[in-house]
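Please see the structure below; I have some questions.
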Amino acid sequence: MSTTFKPLADRVLIEPAAAEQVTASGIIIPDTAKEKPLKGTVIAVGPGKKDEPMEVKVNNIVIYGQYSGTEIKIDGKDYLIMKQGDIYGIVG
Amino acid sequence: MSTTFKPLADRVLIEPAAAEQVTASGIIIPDTAKEKPLKGTVIAVGPGKKDEPMEVKVNNIVIYGQYSGTEIKIDGKDYLIMKQGDIYGIVG
Amino acid sequence: MSTTFKPLADRVLIEPAAAEQVTASGIIIPDTAKEKPLKGTVIAVGPGKKDEPMEVKVNNIVIYGQYSGTEIKIDGKDYLIMKQGDIYGIVG
Amino acid sequence: MSTTFKPLADRVLIEPAAAEQVTASGIIIPDTAKEKPLKGTVIAVGPGKKDEPMEVKVNNIVIYGQYSGTEIKIDGKDYLIMKQGDIYGIVG
Amino acid sequence: MSTTFKPLADRVLIEPAAAEQVTASGIIIPDTAKEKPLKGTVIAVGPGKKDEPMEVKVNNIVIYGQYSGTEIKIDGKDYLIMKQGDIYGIVG
Amino acid sequence: MSTTFKPLADRVLIEPAAAEQVTASGIIIPDTAKEKPLKGTVIAVGPGKKDEPMEVKVNNIVIYGQYSGTEIKIDGKDYLIMKQGDIYGIVG
Amino acid sequence: MSTTFKPLADRVLIEPAAAEQVTASGIIIPDTAKEKPLKGTVIAVGPGKKDEPMEVKVNNIVIYGQYSGTEIKIDGKDYLIMKQGDIYGIVG
């Protein structure tokens, strides 16, 4: 990403995983889930807030809710910007 | 679980008990309950939050509300990710 | 109760009083009440929260709202799990 | 009241004034009021909360909103249990 | 007022100004206002709350919202009991 | 204004600018705006609150939302009383 | 901008980017996004609040939600006034 993007506060910029990569990583979203969690890679992390220190780091693979975040396109590529509180956890 | 999953903040990863194990453990969900509590095993625990220290530990058997958490599949197995505040208590 | 149950945070496990014991204890629920308070015995108490120290103790007889808590069956017996804030007071 | 009742937190047990006593005490509820305040005697007081110290004392005559509190019958007599925040003030 | 009334917390007892006195005091409520502010005299003031020190004093002439407070009749006279936060300001 | 008005807490008394003065001041409200901001002069300022120190001063020209505040007439003149948090900024 | 505008608290004055400049800057808004983020230049910044220190600076290029802020016209030019919390991040 030649254009840099610095999230504010407790926001995180995520590159969503392509659909075919999901199975390979060992995380499969159940068909019957009411809300399907999704997977992505952390690209940029805000400085955090007073009561919300940042737990995720750049390059972490994270799982987040299906309806979390806002789509944003930088240099022609799709990203999501969301608050850390919308991220469920980090895949090791 | 070969793939590791590290919950953020006050979130907990739970492996739901299979339906046939529920009776054996001494916890039976009443048919007439408006909301049926369910049972599961804690697989992973977040670091907690400033005002929410973690009380549950890995391998605890916990009871939680029927509609709590989000389904997630890791290495082909079903789990639930939920906030500790959605867990009612620990079965000894 | 051979199976132990440890409530989390400010939750309380209550054994509801049987309907015929209500009159004997001196507490009668009025027929006309919009919400009928109920009576029960405290079986187990959570550790409390930072701003919510526990005031009820095991074996306290407590009064709580008709719609408070969630039903749970342990070793074939009915209990209620609720937050201490849903309990009105202790009968001496 | 032979049965004692100890309210939790910032709750107050009130014996509502009978309708005919209302005029004698100098407090008359207007017919046109959208919400009619009512009068009663404080019977028992909880220990208060961190940010809610108790201002009312046993035997205080208090005025409270028409829809405040929950009815409770102890030893055959009607009481109301409500939070101190639902009480408007003390009649001297 | 022979009967005294001590408001709790951040509540204020107000004697509403009669309709004909409103013009004389220099405050006229516009006909077109969505909510018409009203004027009254402070009769009694609560002790305040931790984050709400009392700014109004007995005998202050205050302006408050049309729908603020609850009507209360003491010794046959109409008063309003409201929280200080519902008062817009003091007329000098 | 011969009658003085002292706003409580974080409230501000504003004299709205007449419609014809708006253009002269360099601030023009767009016709297409969903909510039209308006301009006025600060006449009186409350003492502020614990977490809301006052930033506006008497005689500041301020911009505020179209639906902010409550109309009040003092000595026959129209004013608005609103919380400082409803003011967008100060025109220099 | 000959007329100066000083935002209050945690508010930010933004000059929205013209539609044709969006592509040139490397940020493209996806057609399919539920909410389309927009881009603009920070013109003025408030002093911040106790729990909301200002992270954006004058001349920062920022991304914000499609429905954020209020339109305001100063010296005939269109601006947006919004809270810093409505800004997603800074483009480098």
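By written order: A, B, C, D, E, F and G. Residues from 1 in each chain.
Just so it is clear, contacts are C-beta pairs under 8 Å (C-beta built on N, C-alpha and C of every residue); 3 or more make two chains touch, one makes a residue touch a chain.
No experiment lies behind these values; they were computed from the predicted model shown.
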| item | value |
| --- | --- |
| Mutual neighbours - chains that touch chain C and chain F alike | none |
| Distance between chain centroids, defined by C-alpha means - chain A, chain D (Å) | 53 |
| Mean-CA-position distance for chain E and chain D (Å) | 23 |
| Two or more partner chains touched - positions in chain E | none |
| Round-the-ring chain order [start: chain A; next: chain B] | A, B, C, D, E, F, G |
| Complex interface listing, chain D residues touching chain E | 25-30, 32-35, 37, 51, 55-56, 63, 65, 84-85, 87-92 |
| In the complex, chain C residues that touch chain B | 2-9, 11, 13, 44, 46-47, 49-50, 70-76, 78, 81 |
